[in-house]
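Structures follow.
Consider the two complexes below, in which subunit A is the common component and subunit B and subunit C are the respective partners.
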Partner chain A sequence: MISLIGFSSLFLSLVSNLVVIITFKFSKTLTINKVFYSALYSGTFFIVLSFLSLVWAFISSDFSNFTVFQNSHSSKPLLYKITGTWGNHEGSMLLWLMIMCFCNMFFSFNKILEINLKKLTIFFQSLLFILFCLFVITTSNPFLVNSLNVNEGLGLNPILQDPALAIHPPVLYIGYIGYSLVLSLAIAGLILDKIDLLWIKATKTWALFCWSMLTGGIALGSYWAYYELGWGGWWFWDPVENLSLMPWIAGLALVHSLTIVHQEQLLKQWVVFLSILCFSLSIIGTFLIRSGILTSVHSFATDPSRGIFILILFLVITGFSFIIFILKSKESSGRLNLLFINKTSALIINNIVMLIACFTVLLGTIYPIIIEVLTDKRISVGAPYYNSVVLPILLPGFLLMSIAPALSWQTNKLNKAKYFFYTLVFVSIFSLFITYLTNFYIWGFIGTTLGLWIIAASLLSIFNNYKASNKISLHNNALFAHIGIGIVILGITFSSVFQIESNHSIKINETINIGKYSLKLNKIEIVEKSNYQELIGNFNLYKQGKLLSSIKPGQRYYHVPKTITTEAGIYHNWLQDFYLIINKQKENIWSIKMYQNPLVSFIWIGALFMIISGIIGMIKK
Partner chain B sequence: MRKAILFLPLVIVITIGIFLSIFLLQGKDPNKPPSALLNKSLPNFKISNIYDGSQSISNQNLEKKFILINFFASWCAPCKAEHPLFFNLKKQYPNLFLLGVNYKDKRNNAIKFLNQDGDPYDYVGVDNEGSLGLEFGVFGLPETFLVNSEGKIIYKHLGPLTKKIISDEIVPIIK
Partner chain C sequence: MEVRFQRLLIILLSLILLAGSILLILFNSKKNLVFFYTPTELIRSDSETEDIVRVGGYVEKGSIINKGNNSYSFNITDNINTITIQYNGFLPDLFKEEQGTVIEGKLIERSKVKAFKVFAKHDENYMPASIQKQLKQTDYWNKKY
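Moving on, here comes the complex of A and B:
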């Protein structure tokens, strides 16, 4: 019954959006104009209804629904029944559709854009919705009836039963799919030849919004990977991570170029190109994951017919957009105010660097596919490639970022260059000192200096702005984001270069020494929960005899499906994380693995800075 | 020249599209990595009978004909789904030896399952500890292996069998 309501609403939202498409042409008259908007809102209403039906089917453990049967179990806690809704391919595609509709609806509240441009954007967004809705209905229907008569489901993958993962996909999706609106806006602007200041303003708001959400989604995902996967790291260059990174980098380039256009009224083609690119990368990412071409920790049930459908969608949407881009782009007459080194040229170089980085990641991700098609051999491209290729590409970008605030828009002169120079010298000496105290690693030195310098230079610029206007204005938000990047760089550098890893065997009541610290295993407990049984090691961590904290790593045995997951025990500290994993070795002897990750929390603190600055950028006048 | 650059994104998109389509149309499935066991001989094993623990069967005393090894358990719903298909398969190809391996299960539950849904297997062995599963590289139920008359593993399927998979992939081999 609930599946029937869900499917009917899904179908009605498709019909509503078709009405939007049909009435668009005649919406000059007032009545039809009303129909146009009502259809848009009813489309959103129906898709929300459809989504809620699926959520309800999960909550009530309605195993007559095939998606629920495959991805849920009656013994799961309520939270994970709800989040199970988007923990699978079908449900997540329904979420995708709902976000598309929401974007369209919120965009329709825009009051500043010219009415034709607005309507054409809504038209294209509805068209995109229809394409994806057809995809869902034909290949990924979440409301299929289960042919087996069962009273129990197959269960949700235990590693997905986690609070961080409950909100990670929706947040990530809002960013990922929000770019569809940026694309619609770009195509509408191109066709109507309305790439003007208002268009830039609207695009900027959406681009910042999507980018902030994407940042949040990626940060949550990496945090989850950090404490759930039990590998001590937080970024694995997993294909799915890469695929979310690409629109993020392109979106970052977009946000930056929108500032130049703002100032110089130029580079419109470039901005339009990036607007198209962001969503294209989102679709190709979706294609590669959902078709099952790339496998990773994010496993979705795969089906070749889905792959072909999304590939066609990708080719149609991206191909169409780029053809419009070719046909409608005008020869730009204006000339860029490019000097050897001013803000504009720095931003352009930064854009090029980011695009190269984005392309490098794309290449690494699809290279195995190309090789397999050409030579029939299977290879895999992993972390070494990305670490050795992407990082050096990003370096010049980071360098530019640190001096960017000192550059001017109009001249080659550096504003207050000597202060920035002094800061650099001071920071370099300081980081040399730090690396001298520990061990000298070249990457450690570069990372520390760069991170500190970016933070210092940004703070200096905020201070200069304050002196000039005598108040801290919201316009410092870009500098605020740069401080975030600096913090992230410090976090990445310290947690990777200065990470200490050690393995030990331990008995109950035994104490082992690890450097300045000592670790005691008090007892082993076994805890029964409704959906799993957990073995927990109860450890005390001491520093020079003083108790710091207890750490409780564990292993969970999930009943349905039968799986064991590692639960890392983490003692968080602003400066250092103690990350502990436990395993049974022999009778009464436990093997433990300990990672000391210095400054690892900086990575997520920095991400938070970026998100906040993005949101400030959206709302500032 | 400027116009030519505008074409670049489209060209890249089409190139990527071509490679991805070829990949998809070739029907390559990365979920089926070439198993390390494929084209290798059966690992050495000895498993006891589920109904009578004193009897056992090993890879040496298996007959020299096609053998279908199916890992299943009573707690595994997809196993329940593929289970009826074995009756048909056995009826059509009586010469095929069906070896069921009851994997990480409770003996009583397994016997109850076989009584309820029927027992299509020629022999059902017990692998409570999952040690035989480890030898075969089983990581999800159900999993099915096909062994030829020379004792070599020539086919592996992960997940429940369907009518289509049996008629498209297994029947052409054993026919």
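Moving on, here comes the complex of A and C:
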């Protein structure tokens, strides 16, 4: 029953969006104009109804729905029944559609844009919605009826039963799919030849919004990987991760380029190009993951027939967009104010660096496919490739970003260059000192210097701005974001270069020494929960005899589906994390692995800085 | 500095960046690629000892030996040939006899690998698509894995 309501609503939202498309042409008259907007809102209403029906089917464990049967179980806690809605391919595609509609609706509230441009954007967004809606209905219908008569479901993959993973997909999706509106806006602007200041303003708001959400989504995902996978790391250059990183980098280039256009009214084509690129990268990512062409450790139900459909969608959308782009974009008049080195040239270098980085990640991700097709040999491209290619490519960008905001548009003079130079010298000596005290690693030195320098130089710029205007204004938001990057760089450098990993065997009541610290295993407990049984090791961590904290790593045995998951025990501390995992070795002997990850929490603190400054950028005047 | 000279500098700098990146990619994609093999392919391949390889297959029944201190040895098989793996570290949660696994490590003898990493299937059907295809061709693909 509920599936029927869900499917009819899905169908009605498709119809509503068709009405949007049809009435667009005649919406000059007042009545039809009303129909146009009503259809848009009813489309949103129906897709929300459809989504809620699916959520309800999950909550009420309605196993006559095939998606619920495959991905849920009645013994699951309520939270994971709800989040299980988007923990699978079909449900997540419904979420995808809902976000597309919401973007369209919120965009229609825009009051500053010219009415034709606004309507044409809504038209294209509805068109995109219809394409994806057809994809969902034909290949991934979440409301299929289960032909088996069952009273229990197959269960949700236990590693997805986690609070961080409950909110990670929606946040990531809002960013990922929000770029569809940026694309619609770009095409509408091209066709009407209205790439003006208002267009830039609207695009900037959306681009910042999507980018902030994407940052949040990626940060949540990496945090989940950190504590749930039990591998001691937080980023593995897995295809799924790479594919979310690419629109993020392109989106970052877009946000930066929008500031050039803002100042110079130039480079419009470039901005439009990036707007199209962002959503294209989102779709190609979805295609590669959902089709099963790339195997990732993160599981997703894969199906080649879906892959072909998404590939067609990709070709149609991207192809159409780029054709419009080529046909409609004009030779831009006026010349760039390129100097060595002013803000314009710094931003151009930034864009070059980002696009190369983006391309490198894409290449590494699809290289195995190319090689297999060409030579029939199977290869894997692992972390060493990315670390040794992407990081050096990003270096000039990082070097530049500390001073770029302080550069001038018109001249090649850096205001108060002396102070920036002193800061750099001071910071390098300081980090040389730090790395010398620990162990000297070249990457440790470079990372520490860069991180500290970006933070120091950004603070210096904020201070200069404060002195010039006597107040701290919201216009410093880009500098806040740069400080965030500096913090992330410090976190990455310390947690990877200075990570300490150790393996031990331990018995109950035994104490072992790990450097300055000692660890005691008090007892092993077995806890029964409704859908799993957990084995928990109860450890105490001491520093020179003083109790710091207890740490409780464990292993969970899920009943449905039968799976074991590792639950890392983490003791967070501002300076470092103690990350512990436990494994049974022999009778009464337990193997433990401990990672000491210095400054790892900086990674997520820095991400928070970036998100906040992105949102400030959206709301500031 | 003259404006034209400054522009030239910026363009040169960009080109250097571009060229540098391409060189980096070319250099590293040669060095950092790891080849994927089934046991039979590994034995027939022209890999030399000390090479880094990935091997995928099934853990042979009764071959897991726990040497204590997190040191293990086991065999990976494709039902034709068998490779012995030595591993020091934590075996993944889902690592079991007769289950699919992929290891990455250094070749120390023709059919012996010292593994750095052991991956087990992560969901119902985890096995790299390409290895799966290979195993299907040699009739050693069984849905129960």
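Just so it is clear, the second predicted complex is superposed on the first by the 620 of 621 C-alpha atoms of A that agree within 3 Å, B and C clash if a C-alpha of one lies under 4 Å from a C-alpha of the other, contacts with A are read in each partner's own complex, and residues count from 1 in each chain.
As a convention for this text, a residue touches a chain if its C-beta (ideal position, glycine included) is under 8 Å from a C-beta of that chain, and two chains touch if they have at least 3 such contacts.
Just so you know, these numbers come straight off a predicted model, no measurement behind them.
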Subunit A as common anchor, with subunit B and subunit C clashing or fitting: clash
Contacts of A:S291 with subunit B and subunit C, given as first, second, both or neither: first
First (subunit B), second (subunit C), both or neither touched by A:I352: second
Subunit B versus subunit C as contact partner of A:I370, first or second or both or neither: first
Subunit B versus subunit C as contact partner of A:F325, first or second or both or neither: first
Touched partner set for A:F109, first subunit B, second subunit C, both or neither: neither
Partner chain in contact with A:L315 - subunit B first, subunit C second, else both or neither: first
Contacts of A:I393 with subunit B and subunit C, given as first, second, both or neither: second
Partner chain in contact with A:T360 - subunit B first, subunit C second, else both or neither: second
Of subunit C and subunit B, partner touching more subunit A residues: C
Location of subunit B clashes with subunit C - one stretch out of 9-17, 45-53, 81-89 or 153-161: 153-161
Common interface positions of subunit A, toward subunit B and toward subunit C: 292-293, 295, 372, 378
For the subunit C and subunit A complex, residues of the former touching the latter: 1, 3, 5-7, 9-10, 13-14, 17-18, 20-21, 24-25, 28-29, 31-37, 54, 66, 68-70, 89-91, 93-94, 104, 119, 122-124, 126-131, 134
Interface residues, subunit A side, partner subunit B - complex: 148, 150, 152, 154, 269, 273, 276-277, 280, 284, 287, 291-295, 302, 304, 307-308, 311, 314-315, 318-319, 322-323, 325-326, 329, 331, 366, 369-370, 372-373, 378, 560, 562
Partner subunit C, residues of subunit A touching it in the complex: 157, 159, 292-293, 295, 297-299, 338-341, 345, 348-349, 352-353, 356, 360, 363-364, 367, 372, 377-382, 384-385, 388-389, 392-393, 396, 412, 503, 505, 555, 561, 563-566, 581, 583, 585-586, 591, 593
Complex interface listing, subunit B residues touching subunit A: 2-3, 6-7, 9-10, 13-14, 16-17, 19-24, 26-31, 33-34, 75, 77-78, 80-81, 104
